[in-house]
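One chain, chain A, appears in both complexes that follow, with chain B as partner in the first and chain C in the second.
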Partner chain A sequence: MKNIGIGVPRGDGVAKVTGKAIYVDDLHPDGCWHGATVRASCAHARIVKIERDPAFDWTDVVIVTARDIPGENVIALITDDQPCLADGVVRHVEEAVALVAAPERERALDAARHVRITYEPLPVLIDPEQSIGSPIRIYGENNVFKQITIRRGDPPTVGRVVRGVYHVGHQEQLYLEPQGMIASARTDAGLTLIGSLQCPYYVLKALKRLLGHDRVNVVQATTGGGFGGKEDYPSMIAAHAALLCLKAGRPVKMIYRRDEDIRATTKRHPARVSIESLVAPDGRLLSWKADILMDGGAYNTLSPVVISRGLLHATGPYACPHVELSGAVVATHSPPNGAFRGFGAPQTLFAAERHMDRIARELGRSPLEIRRLNLYRDGDVTVTGQTLYDVGGAAVLEEALAAAEAPLPAVAAQPGEGGASWRSGRGLALAFHGCGFTGNGEAWLKGKAALELRDSKLHILTGATEIGQGAETIFTQIVAEELGISLDRVEVARHDTAEVPDSGPTVASRTTMVVGAVVQETARRMRAALQAETGSTSRDFDTLLAARTVDSPLRTDHTYEPDPNLVWDEHRYSGDAYPTFGWSCGIVDLDVDEDTGVVRYRRFVSATDVGRAINPVLAIGQLEGGALQALGWATLEEVVRDDVGRVRSDRVTTYIIPTSVDSPQMVTRLVEIPYAGGPFGAKGIGEIPMDGPAAAVAAAIEEALGVVLDRLPMTPERVVAEMNVALSERSF
Partner chain B sequence: MHIEFSVNGERREVDLPPMTRLLDALREHLDLTGAKEGCGEGECGACSVILDGEVVCSCLVPVVQVAGASVRTVEGLARAGELDSIQASFLKHGAAQCGICTPGFLVAARDLLDRNPHPTPDQARDALAGNLCRCTGYQAIVDAVVHAEAVRE
Partner chain C sequence: MSGPAPTYGGAVVTARDLPEALALRAQFPEAVVLAGGTDLMVMMEAGQLRPGRVLNLWGCAGLRTISEDGGHFGALATWTDVARHPAVHPALRECARTVGALQIQNRGTVGGNIVNASPAGDSLPLWLALDAVFEVASLRGARRIAAADFWVGYRRTALAPDELLTGVTVAPAGADAVLYRKVGTRLAQAISKVVVGARIRQVEGTVTEARIALGSVGPVPLRARRVEALLVERGLDPDAADAVVDDIAPIDDVRSTAVWRRQVAQRVLRRWLVEQRAFSARNARQ
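Take a look at the complex of A and B:
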C-alpha cells in the first residue's frame, strides 16, 4: 500500500509550523466587540436582583441576561436541564448569570465586575457521597443523573474475598488554547459561529434551540487541543457569544482567560470505585463486584454516558464468570463535569488495575502472573454477554514486556534528585477500551460523510474535526489509498455545518475507525459513480477521469452502516457494547524520593493494539500524548477546590501539567490485530493511552517504597502521608 | 508612545501605551499572530519569541522594553519560503499536533540549536522546559530537536 501504514507529514503541518494556522483568537472581524461573563458567587442561591453599578460608566457596553434569550434558555445536549444563563436560581459557583460586551476586552472584563447581583443563599450540597436521597434536591427525585446495574453469571459459593476502595480526582483537560468563539451576523438575519471546538453539530443543535430558528451555521477554527473539553462546553460559549452579538448588533468575540477556563469548564468526573472480588487459590477470578459513584456536578451534561462507559470497563480486561456492576452519577452544586479522554474508563480501569495488584499482594503472587491468568482472550465473554474477537491483550502484554527489556536510559538528574533517599520502581498496567459509541450509539448517530470531485481534486466533506489528532491527514490517506492516487489530490473541506454533513461528534475513539470507514466508502462510491458515468470498467482513477465527457462536480455520500451482527439491548445493558476493543499495556520505570514523595519518571514503555496504523507517526503521537496526560494525572495534576466547589488551582502555576523534564522517555510499540469493520483494519486509539498508566505508576511507587496508593493524584504530599500511615501501622 | 524595533529583520513601529504587552503589539498591531496566548502569565511558553538572542515570554514583556531591540518570531524562521531545519524536523517527527504550542517551541528550539546544533535529549528537554505541550508527550518534540541538523543534512 502506498498511503497506508506510512507516517506522511500531517496536512496542516506547514501552516502550524510557520505560524499561519488561524485559531479563533487570530481572527479580528471588523467592528468586533469582546464579551465577558458574569458568574455566580454562590454555589446555590436565589437571584434577587441584577443591577448595574451606578458609579460605572456604561457607555458602549451591552448587558445580556436570561430575559434576552429569543428562544429557549437551555444548552441542549442529552437533557435540557442546563440553562444558558441562570434565571432565578444559581446551582454552582461558576454559573453564568449575565454577559457583557464592550469594544475592548479589558473594558468588558471591567464592566463584568460592575454587574451587581444580590442573592438569597440556599442550602449547598457538594459531597457526592451525600447526594443520593439528600433533602437538598438538585436533579429529579433523588439527585441521580443515571444509575446502571449489570449482572452476569451466578455468584460462586467459595473463593477468597478481596476488597478494595479506590478514588480518583478531577482532571482538567488543559488544552493549551483556551475556549473561544466569535459570533457574527449573517445577511439573512441569522448567525455564524466560528470557534475552537470538537463537535460543530452539537453547537448547531444548541444554538437552534436558543435562537428559536435555524438560520445559524457553525465553523470550526483551527483548534488548539480538546481532549473532550471542547466536546460540549463550546455550545455554552457559543450561546453566550450569540446573545451578545444580537444585543450589540456587531460581531462579538469571547476568549476565556486561563483562570476562567479552568474554573468554569468541565473536568473529568472524580470517582469512588469499590470492588469486592472472589478469587480461586491459583488467582483465577471467580467473582467481580464493583460499585461506582461519580460526581456529575450541577447539570447532567454528558454524565449518563460517562458512567455507562465507566461501568462497561470496570472489570478491567479480565474474564470473570460472575460479575455485578452498579454505578451512579449524582448531582452536586459543583461546576458540571464532562468529557475528558477516556470518558469514565480511566477512572474504573485505575480501580480495576489496582485491584488486580491487591489480589496479587493478598495471594502472595506476582501482579504479572495474576494478569496473565485472567486476561481476556478471543472467545471470552464480557459482562454484557459480548463475545470478544480481535483480542490483543496477551499480544500487547508480551510486546511491552519485551520492549521493557532494553536498558533504562540514563536520565540527567534534576537538582535535588538521585540522593540516598531515592528508590526505583517498575509498574505495569493493562487496559482495554471500547472503540466508537456504546451499543446502538453509532446506529442512532448515522454518521455521514461525502466526497466531492471538483477540478480533478477530491474534497472530503465531514463534520469530524481536526483537533490535533491528525484526523484530516488520516482521511486523505484513506481516500488516496482507496482510489490509488497521490495525497496531494485529496483535500478536506472546511468544517462548516452549512457545507459538511453531520459525521457525529469527534469523540469516543471513533473518528478514524467509524468516520474513516464512511469516508472509505464514499471513495469506493466515487469510483463506482465514475464507472457508471463513463461506462468504463477501469478501476484506475485517472483513466476514469480521462473518460469523463463532462466537467461538472460529482459527489458521493455515505452513512455509517453498523455491523448487522452486533446486537445491543439498551434496557438490559446486554449484547455487543462496542464494535471492537483496543488493547494496551504500559510499563513505567520511575524513581521516588522517600523523604519528599517526589516522583521522577524515567521511561514509559507501551504496546497498543491499534488494529492497523493508518499513519504510525500520528498513532504514536496519540499514544504518547495520552500516556503523558495519564502520568500527569497520576502524580501532578490536582484540582483543588474550596468548600463551595470553586476551583482554587485555576492557573498553570497551580494546576501542574508535566513539562519536558517531568516526562519520561517514551518507547511506543504498535501491535496490529485488525478489526474488519475499520478502514484497512484500524481500531480507535484516541482514548486508550489515558486508561492504564496511572495504575502502573501506583504499582511502581508500591514497588519502590512498599506503600499502597489507591487514590489519585499521588502528589508528593499524599505519598508522604501514606508512608507515614504505613509507618505508624507497622510500629503497632 | 512611539516605539521602533526590528521584527524578523524588518524595522517596525507602533504607537502604543508603554506597558502594552509585546504579545499584543505583535498579534494585534503588527499582524503577527504566530505567537499565542496560553496562560498570560509566563508559564506555558506559547507566546515565546527571541528578544535580542534570548527566549522570552512575550506576554511578560512591555513593548517599551523592546524599543531599539530585535525580535524574532515563528514567522521569521522560514527564509524565502524555505522551512527552517527545525520546522522541517517538527513535520517529520510529528512534533506538532494541535499546533497551538508549536510556535513557542520552535523559537525556543531554534535558540537552543543556534547555541548547540547537536543537543542530547536531556539538553533538549532542559531547553524546552519553559514550554508546555499537552498533545505530544514531548518525545516527538525532543526527537525533532535532537535530529534537526540531520534533517538539514
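Take a look at the complex of A and C:
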C-alpha cells in the first residue's frame, strides 16, 4: 500500500504552524459588531427584572433577552430542557440571561456589566448525592436525567467480597482556542454561522428550532481543539450570535475570554462509582456490581449518553459471569456537564482499574496476575450479551510489558527542587473503548459522505470535521489509496452544511472508523461510476479518466451501512453495544516527593490496538496527546468551585494542565488487530488514551508511598492528606 | 474582510533612561509601571487592571546591567540575564530558572518581581534570605530600603508614589548554606504554592546567622523569625523547622490549602536542616 500505514504530513500542518490558518477570530466581516453575554450570578433564582443602568451610555448597543427569540427558546439536542436564554428563572451560575452587542468588544463587555438583573433567590441543590428525591426539583419527577440498569448471569453463592468507592472530579477540555462564532445575514434573509466547532449539523439543528425556519447554514472555521467541548456548546454560542445579528442588523462576532469559557461551558461529568465484587480464591471474578452516580448539572445536554457509555465500560476489560450495573445521571444547579474525550468511560474505567488493584491487595496477589486471569479474550461475552471478537487485550498487555523492560530515562534535576525526596513507583492499567456510537446509534445517524470529481481532482464532501486529530489527512489517504492516485489529487471540501452532507458528529471515536469507511465506499463507487460511464473495465484511475468523453463533474454518495449482524435492543440494553472495541495498556513510571506530594512523570509506556494505523504518526500523536491529558487529570487538573458551583480555577494559571516539561518520555506501541468494518481494518482511537492512565498513576503512587488513592485528581494536597490519614491510622 | 485586532486604549509614556524615567514618574505618579510586562499583561488581559496610563521603562538599557561580581542588579535585569551571569549566587541563578518559562524569563525582570509584590513572587524570599538592599530613587533623591522593610502589606511596597526601584544589592554569601526551593504544581509556568529562601552562616560549627524566608504563606513574603532564633540558639537542629507553623499565616485559596502549605513549609525546612547538619558533621570529621 502506498498511502496507508504511512505518516504522510498532515495537510493542515504548515498553515497552522506558520500562523496562516484562519480561525474565527481572524475573520473581520465588514461592519461586524461584537457580542457579550450577561450571565447569572446565582445558582437558582427567579428573574424579577432586567434593566439597563441609566448612568451608562447605551448609544450603539443592542440588548437581547428571551423575548427576542423568533422561534423556540431552546437549544435542541437530546431533550429540549435547556433554554437559549433564561426566561423567568435561572438554574445555574453563568447561565445566559441577556446578550449585548456593540461596535467594539470592550464596549460590549462594558455594556454587559451594566445590565442589571434583579433576582429572587430560590433553594439551591449542588450536591449530586442529595439530588434524587430532593424536594428541590430541577428536572422531571425525581431529578434524574437518565437511569440505566443492566444485569447478566446469576449471582454466585460463594466468593470473597471486595468493596470499593471511587470518585472522579470535573475536567475542563482547555482547547487552546476558546469558543467563538460569527453570525451574518444571507441575501435570502437567512443566516450563516461560522465558528469553532466539531459538529456543524448539531448547530444547524439547534438554529432551525431557534429561528423557526431553515434558511441557515453552518460553516466550520479552522478549529483549535475540541475534545468534546465543541460538540454541544457551539449550538449555544451560535444561537446567541444569531440573535444579536438579527437585532443589530449586522454581523456579530462572539469570542469567549478564557475565564468565561472555563466558567460557563461544559466539563467532564464528576462521578462516584461504588463497586462490590465477589472473587474466587485464585482471583477469578465471580460477580461485579457497580453503582454509578454522575452529576449532570442543570440541563440534560448529552448526559444520558454519557451515563450509558460509562455503564457499558464499568466492568473494565474483564470477563465476569455475573454483572449488575446501575447508573444515574442527576440534576444539580451547576453549569451543565457535557462531552469530553472518553464520554463517561474514563470515569468508570478509573474505578474498575482501581478496584482490580484493590482485589489484588486484599488477596495478596499481584495486580498484573489478577488482570491476566480475568482479561477479556475472543469469544467472551460482555454484560450486554455481546460476544467479543478482534480482542486485543492480552496483546496490548504483553506488548506494553515488553516495552517497559527498557531502562528508564535518567532524571534531570529541576531548578528549585532543593532537597526533594523522591520515591519511585510504577503502575499499570488496562482499558477498552467501544468505537463509534452505542447500539443502534450508527444505524440511526446514517452518516453520509460524497466524493466529487471536478477538474481532474477529487473533492471529499463530509460533515466530519478536522479538530486537530488529522481527520482530513486520513480521509485523503483513504481515497488516494482506494483509487491508486497521489495524495495531491485529493482535497477535502470546506465544512459548510450548505455544501457537505451530514456525516454524523465528529465524536465517539467514529470519524476514521465509521466516516472513513463511508468515504472509502464513495471512492469505490467513483471507480464503478467511471467504469460504467466509459465502458472500460480498467481499475486504473487515470486510464478511466482518459477514457471519458465528457468533462462534467461526477459525484458519488454513500450512507453508512452498519454490519447487519449487529443486534441491539435499546430497551433491554442487550446485544452488540459497539461494532468493535479498541484495547490499550499503559504503564507509568513516576516519582513522588514524599514531603510535598508533587508527582513527576518519568515515562509512560503504552500499547494500543488501533486495528490498522492509517497514519502512524497521527495515531501516535492522538495516543500521546490523550495520555498527557489523562495524566493531567490524574494529578494536576482540578476544577475548584465555590458552594454555588461557580468555577474559581477559571484561568490557565489556576486550572493547571501539564506543560512540555511535565510530560514524561512517551513510548507508544501500536498493535494492529484489524476490524473488518473499518477502512483497511482501522478502529477508532480518539478516546481510548484518556481511559487508562489515571488509574495507572494511582497504582504507581501507591507503590511509591504506600497510600491508596481512589479519588481524582490526586493533587499534591490530596496525596499529602492521604499520607496523613495513613500515618494516623498506623499510629493507633 | 479586514479589521484590526483590539489594542490598548490608554496612554503610554516611554522613558529612555533613568533621569527621564524619574521625571515621568514625578509627572504621572498614577501611571502603572511596565518593566518586562509579564505580570501586567496577565492582569490587563484578566480585566483586573485597566490602567489609564502606562509608564514604559523597558527601553532603559542602563538599568539592566548586573555587576561583574554578581552582587548588584539593575532593576531591569531579566531572569535570563540573572541565570546566565557566572558570578551571581547559584541559588539566585536557580531561582531565575524557575520563573515562568523561557519566554517569561526573557522579559520578566528582577525589579518587576520585587515591585509587583505578589506574596507568591518567586524571588522574594531569596532577597530576604540574602539580606538584599533595594535602591530606590525619585527626583527628590535616592534612598536604600532593606528587603525586610520593603513589602508592607498585601501587594503593597514601601515605595512612594514618585519613586522607582533602580537596583538591588546583595552581600556576598561566602560559604553560607543557601537554599532555594519552589513548590508549584507543575514544572514550568507555575505560580509557587510554597517558596523558600534560606541562608545559614556557621563559624566553627556555631550558627551565627540564620535567615529563613517564605512566600505564598501569608499576605507578604516573610521571615520565619522563630525558626531563625531557634537555629541561632540551638544550632542546626531540624526540630527548629517545627516552629515555622507559628511564623507563617497561610490561607486556603484556589491554588492550595493552608494545611498543606504549613506542612510543606515545615517538611522542606526540616529536610534541608537534616542535610545541612549531616554536611556539617562530615566537614567537622575531615
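We adopt the following convention: the second predicted complex is superposed on the first by the 727 of 732 C-alpha atoms of A that agree within 3 Å, B and C clash if a C-alpha of one lies under 4 Å from a C-alpha of the other, contacts with A are read in each partner's own complex, and residues count from 1 in each chain.
The criterion applied here is as follows: a residue touches a chain if its C-beta (ideal position, glycine included) is under 8 Å from a C-beta of that chain, and two chains touch if they have at least 3 such contacts.
Everything numeric here is computed off the predicted structure, so don't read it as measured data.
Of the two partner chains placed by the overlay, neither chain B nor chain C lies in contact with A:P155.
When the two structures are aligned on the shared chain, A:E624 is found in touch with chain B, with no touch to chain C. When the two complexes are overlaid on their common chain A, residue A:E106 makes contact with chain C while staying clear of chain B. In the superposed model, A:G212 makes contact with neither chain B nor chain C.
In the superposition on chain A, A:P553 makes contact with neither chain B nor chain C. Using the contact criterion defined above for the overlaid structures, shared-chain residue A:G418 touches chain C, although it does not reach chain B. Of the two partner chains placed around the shared chain by superposition, chain B and chain C are both touched by A:T653. In the superposed model, B is the one of chain B and chain C that contacts more residues of chain A. Legend: residue contacts after superposition of the two complexes on their common chain; A:P70 is shown touching neither chain B nor chain C.
In the overlay built on the shared chain, the residue A:R10 is in contact with chain B alone; chain C does not reach it. Applying the stated touch rule to the two superposed structures, the overlap between the chain B and chain C interfaces on chain A comprises residues 28, 257, 651-653, 658-661. On chain B, the positions that touch chain A within their shared complex are 27-28, 32-41, 43-44, 46, 73-75, 77-78, 83, 87, 90-94, 96-103, 106, 121-122, 124-126, 128-142. By the touch rule above, chain C contacts chain A in their complex via residues 1-3, 6, 9, 42, 46-47, 94-95, 97-98, 101, 179-183, 185-191, 193-194, 196, 254-257, 259-260, 263-264, 267-268, 271-272, 275. Within the complex formed with chain B, the residues of chain A that make contact are 7, 9-10, 12-23, 25-26, 28, 173-178, 222-227, 257-258, 409, 411-412, 467-470, 617-618, 620-621, 624-629, 651-653, 657-661, 663, 665-666, 668. Remark: chain A residues 27-30, 32, 104-106, 109, 257, 259, 414-419, 421, 595-598, 600, 636, 640, 648-649, 651-654, 656, 658-662, 715-717, 720-721, 724 touch chain C in the complex.
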